[in-house]
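Naming follows writing order (A, B, C, D and E), and every chain is counted from residue 1.
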Amino acid sequence: MSKLEKVLYGNRLKPFLFLVGLILMLPFVVKSSYIFTILILIGIYSIVTLGLCLLIGYAGQISLGHAAFFGIGAYTSGVLTTSFQLSPWLALVIGMVTTFFIAYLIGIPILKLKGHFLALATLGINIIFYILILGLNQLTGGAAGLIGIPSLSLFGLPLTDKLFFYFFVWTAALLVLLLSLNIVRSHVGRVLRSIHDSEIATETLGVKVENYKVAIFALSAAFASLAGSMYAHYITFVAPPTFYITKSILFLIMVMVGGAGSVWGAILGTTVIMFLNEIIRFVGHTYFGISGEVEIVVYGLIIILIMMFLPKGLMHVISKPIQKLKQKKKVKIKSHKDMISQKGV
Amino acid sequence: MSKLLEVRGLTKQFGGVTAVSEISFDVGAGEIVAVIGPNGAGKTTLFNMISCFLSPTNGEAYFKGNKLTGQKIPQLAHLGIARTFQNLQIFHNLTVLENVMMGAHVKLKTNVVNAAFRLPRILKDERIAYDLALDAIHLVGLEELMFEQAGQLSYGLQKQLEFARAIVYKPDFIMLDEPMAGLNDYETNRMAGYIKKLKSEGISFLFVEHKMATVMELADRIIVLDFGKKIAEGTPDEIQQNAKVIAAYLGEEVV
Amino acid sequence: MELLMQYIVTGLTVGSIYALLAIGFVTVYNITGILNFAQGEFAMIGALTCITFVNAGLPMYASIIFAILISATIGLIVERTAILHARNTSVIILIIITIGVSTFLKGMGLIIWGTNPKQLTPLIKMEPIHFMGAVINPQSIFIFIVLLILLAVLYVFFEKTYIGSALRACEKNPRAAKLMGINPSTMSALAFTLAAALGAIAGILITPITDATYEMGFLIGVKGFVGMVIGGMHSIPGAVAGALLVGLLETFSGGFISTFYSDAITFLVLILVLFFKPNGIFARASGERV
Amino acid sequence: MLKVDGVSTHIGKIKILHEIYFQVEKGQIVSIIGANGAGKSTLLNTLAGLYRPTSGTITLENDVISGYPANKVVEKGLSLVPEGRQIFSNLTVKENLLLGMFSKYYKEKKLAEENLTKILDMFPSLKKHLKNLGGNLSGGEQQMLAIGRGLMSNPKIILLDEPSMGLAPKIVYEILDTLMIIKEDLGTMVILVEQNVKAALKVCDQAYVIDQGRIIINGTRDEISSNPQVISAYLGIKSAGA
Amino acid sequence: MKKLCKSICSFSLMLILVIALSACNMETSGGNDKKDGDGGKEVIKIGAIFAETGPASTLGKTQANYVKLIQKQLDEAGTINGKKIEIIMQDYETDDTKAVIAADKLISEGVVAVVGATQASTSMAILPKISGEGIPLMTVAPVNPEAKDIYQMAPSNLTNASLIIKFLKENNISKVAWINARDGFGVEGLPSFEKVAKENDIKIVAHEEFDATATDMTVQLTNIRKKNPEAVIVWSRTPGAGIVARNFKALGFDIPMIQSSASANKGFLDQVKDNNENIYVIGSKLSVVDQLPNGEQKDRLKKFREDYRTMFNSDPDNFTAHAADGFHLLIEAIKAGNTTSEDIHNYLKTEVNKYSGLTGSFELQSDYVGPYEDGFSVLGIENNEWKYYE
């Protein structure tokens, strides 16, 4: 990391290493396969929410249709590996590339829309996709779902083992995080945030705003597709309801609860929502003897409360005390500033 | 003096109302031209048409012989035209430094792909943007505030920031929409100083302004609009003597 | 011919269901600028409370009135608690809040009424009418008539009454409205109350055809929403026309192309409309001067 | 009378108004002069309750009105005609006018009719457009409508933010004439914010010059008109050039 | 005020997170303990995965209820061979992903067998996880006949199809139209029926689908009418099933309509109230207990219904019965001294011979999946009640 980068964006190594450490450590603490499944799903969903976070938090564009891209990945992998006996790895890459181009083509007209209209158009895309996978039942298995998707194997090591899959998923998630961080911590990240603040001013500075919006949309779709492929190989079964609007909304909620303003928020939000679901279930069943219905109510209530009182998400709450710590260090930085206000740091 | 900007018969109608009517003028290289006129006279509309934010009902504008009318907005920056806005358009959630670095966009080759994989090009671009931005920040004297969020700055400082962002990539021609509005005398003088300094480096300006003293001091030529029409054009001295201008701009005496 | 007639009749029936939902959407959107994803849930609450009252032995008309009042109260409570706080935040946060409200209300519906579909006997009991070879359900005619009446009443309310003009003023220019002494927050509460009442009416009317379940709201809500966008977000007649169009589009594409893909076709049309005529196909140029 | 006592206003974190003191006596037109961005509009908006002052009080005839939201301030008798007119373009002229007395309409319907007649007498050009949409009026008529709407609630004081913006000189003077009528016939206090300084100084009794959110000069019309600083800064390029 | 709310909000969230972590740890360790000491422990756990909420809850709700009932019965009965049986119920909210999580949770809890899931597609989704651990899965939905390692409590679609064929033949019908909901339940029926119909020379002249949440199926029925079938077969859950029936009546069809077993419940009866001649469903005999000839089957079903009625004040349906059969079979196995998954597998595969369940008799070692058709029959409706034909 160059000095200049440190000056511009602060340190990223520490939180990244913290996360890596956490991921490496967890298998020693957690033994339950139930928790592993949740951790694996958090990894998979994080890949989607990271892309979505770039789109929503940085570029300021809403999407209620990412479950469709998630689904394209899952079904490409599923269909290519079952009906055409392709290597899962190849299918995964084909899925990503296809999704990228589909999203790019869709994005060109759709990202001209703003706010509610964009939300509705992406929602429409999700519904169209849903109907297509139901309708093309020769290929996709229709409503009955697609069974017998093979598990992944890496260098002869079958990833059916939860531990291996856990590491595999999180390696992928960390790579996606790294890519996202690279984007965010570069001129592109600045461009995206500028688009969020003022599209007009950004255009005036010579930025082809449309291209950036579409590129990020397509990229986030490709991430979703990657996650979809992993999902298909992990569960080894896919059925259309998994890719309905409810899932898109779930992704959106994860991003917003974590805090769309930071890529770390995406991972945090995904983790919190996944565990929240389980906790409501667990605490509700064990201590209050309540059943499924109440879960939905509590879930809805929590979403409303978080959006009302913490519209910037949980990341904002967490980063505040950290920032306060940094204030103390500010004196140090001040002297640093003098140094870097000259050229050639 | 060679012509940099040529405006030919620009007209804009909204519904049935003509906001700007048949306006033509030139801006030469290294020249400062001011557009004045009462509120609602069509100055901003004219500005927006030249900078391609509005497409004119009639007429066109040329820059260095290239037709501007019908171009996409981002293209203008690549041609060497920068502009500021009447109601500030800074990026509130970016720091001052990042705001100014955004101005260097046309000099950079960063795109989503090479950024994602952090190719060496990126670090080079960051360096270029940073160095250019520092020059601009030094010019307007915002060094102390480099790492503050732009949204936290006072209005006057935001105005300076927007100016700095516009000049980062050394455009040939800068359009300023009321650059002095809301500035105090000290700030106004400083801003005038920056403009003069850049003029000495051969950059041309077209600006809209209400503060007459500044206009008279800075402008080589003044164009006066009233009700969408150009009612006068000339040097500051000529304009001050022009009876039509006095009537339109100052209002007739109340009987 | 016979088929064509049947498609038209069915299309209008389905369309008027969507239209009833769309009216509520437009009311809230026009006054507050919020797209209320929970609109369908008000239909659910209206329908199920009405059924509960009927089953408890109340007369039909009283049940309907109570159900509408209860839904309106819930609408008001939702606005005062969840929406009021967040009125000035971004579109995306408002979208998520209304989604949260929708989830919450759906859950409450599930707790109170369970999962089984519930029936409501129609107000008018009649045999299906045969008309030019098509079969018309009398309830569809009833829905259509109520739709027209509602259109007329809302037209008079918004265009001819004083409070209606205040609501329209609030929509166009909330700042200036505030300067007139109009409290936009009160108007927003009014809008939600009204929309919830309209939703309840919609729910009660369609239940004899579709039956009521706790999750009946979502899909018809989305379709009503689509109708509203296709027809134009700013006018109630436009939204109703759009919703009827969506109904017809569904049945005709179902009849002539494939019932599998009729929903997909509807949404494809929606995206095309958004792209080419983002203000809706029935939007007229407003008489505004710049 | 209206008394402004040490009012400061922040927008975001930025302090726009710095401890403003001034007052308007009964039957006065007070003019506030200043460059773009000096804080004039912020001052009017603070008075009208659109911004909440961070310190200081505003008193209208023994009634503290600071701290109330705009819709309450109107009820207390202060009416603001905003910059750019802000009429309801989708409503008819009559609806526009009637909305002006929203807070009292249901209590005093009769008064509403009376006021309507009174306003229409004052602005005869609106009479023939009664059923037209506000958005279809000419700029001058829209301004008349905006003022008329502001007067519908029988305010004790009316605030006008740049009524001459974008209007031909002839119409500007018509509007200024109306202000004299408002002052004399209705006895309403007026605060006028105007770019056209010369015109503003013709009608006002008292004027304040505001710069950087502070009142830097105040005085009667004649004092201000002859103040050399004001002359050089606001009263024309002749003196600036000279 | 706002600040307070904010801090309360963030504080409670933090609290939840802490609880979460501790809860997870608790479960982790707890799960392990029990797994280790499986044989010697006092508690035997059986898992249940039902759609208590979500669209499939019309089927899953009573199944979830039944878990409470059987747990109560087990508690009252005391221990079996000195062991207490505990049923762990998971609601998967009609979401396959949640079902998989639930499956993993049950595995972690150390269950010896699992009953579920409500839907066929979900059963397929959880099958690899559960059978991978060697745990028997008793599905309550008619799954794909090719599925292995799964015990099916519901009659297979082939069984259902042959019941329909029998009915059609009795009524001399050879041309039928098929309409189904576009969801996991709806689309499963047709392939089996097509197969059996072909063997019996019955022609399917029309096939239509509708969205599971659609509000009007008139268009589909109009399309069907063009083809002049002699009967219409509907494969859908309620409320869709009821709406089709009503549209069918409104359009004035005068041919029989045969609905799937998903319609054999009170909800459907209410939906088609007063206008229901010519409507038939494939129903479990449970729905017509009172009309059955006296005998052991009648007693069994009657007891089941009464138990359910006393506890929930409503009637169980055949889906409840499928779940009950699943639990009963497992309890039988445990009573026979089998306390591990492997033993239960062996027991089910080798010992269960002509077991008389609530929905028919089972013979799990044969290739035939699901109960025989003796628990089912095509039911008509009379006086708004199910009518049993002998």
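Operating definition for what follows: a residue touches a chain if its C-beta (ideal position, glycine included) is under 8 Å from a C-beta of that chain, and two chains touch if they have at least 3 such contacts.
All values derive from a computational prediction rather than experimental measurement.
Q: Through how few touching steps can chain A be joined to chain E?
A: 1
Q: Moving only from a chain to one it touches, give the least number of moves from chain C to chain D.
A: 1
Q: Report the chain whose CA-based centre is farthest from the CA-based centre of chain A.
A: Of all the other chains, the one whose centre lies farthest from chain A is D.
Q: Centroid of chain A to centroid of chain C, CA atoms only: how many Å?
A: The separation of the two C-alpha centroids amounts to 33 Å.
Q: Between chain D and chain E, what distance separates the C-alpha centroids? Give it in angstrom.
A: 73
Q: Roughly how far is chain A from chain B, centre to centre by C-alpha average, rounded to an integer in Å?
A: Inter-chain centre distance comes to 40 Å.
Q: Name the residues of chain D that each touch 2 or more other chains.
A: If we look for residues of chain D contacting two or more partner chains, we find none.
Q: Residues of chain C touching 2+ other chains?
A: 110, 260, 263, 288-289
Q: Enumerate the residues of chain A that touch no fewer than two other chains.
A: Residues 134, 293, 295-296, 308 of chain A each touch two or more of the other chains.
Q: Touching residues of chain E toward chain C in the complex: what are they?
A: Spelled out, the residues of chain E in touch with chain C are 53, 55, 57-58, 61, 182, 208-211, 213-216, 218-220, 222-223, 226, 238-239, 242-243, 246, 250-252, 265-267, 270-271, 273.
Q: Report the residues of chain B in contact with chain A in the complex, numbered from low to high.
A: Touching chain A: residues 51, 53, 72-78, 82-83, 85, 89-94, 97-98, 101-103, 105-106, 108, 110-112, 115-118, 122-123, 125-127, 129-131, 134, 143, 146-147, 165, 169 of chain B.
Q: In the complex formed with chain C, which residues of chain D make contact?
A: 48, 50, 69-72, 74-75, 79-80, 82, 86-91, 95, 98-103, 105-106, 133, 135-137, 149, 153
Q: Give the list of chain C residues in touch with chain A in this complex.
A: So the residues of chain C touching chain A come out as 35, 82, 85-86, 89-93, 95-97, 99-108, 110-111, 222, 225-226, 229, 260-261, 263-264, 267-268, 270-271, 274-275, 278.
Q: Report the residues of chain E in contact with chain A in the complex, numbered from low to high.
A: Residues of chain E touching chain A: 2, 5-6, 9-10, 13, 16-17, 19-20, 23-25, 27-28, 31-32, 52-53, 57, 64, 90-91, 93-98, 100-101, 104-109, 120-122, 124-125, 127-128, 132, 144, 147, 182-184, 186-188.
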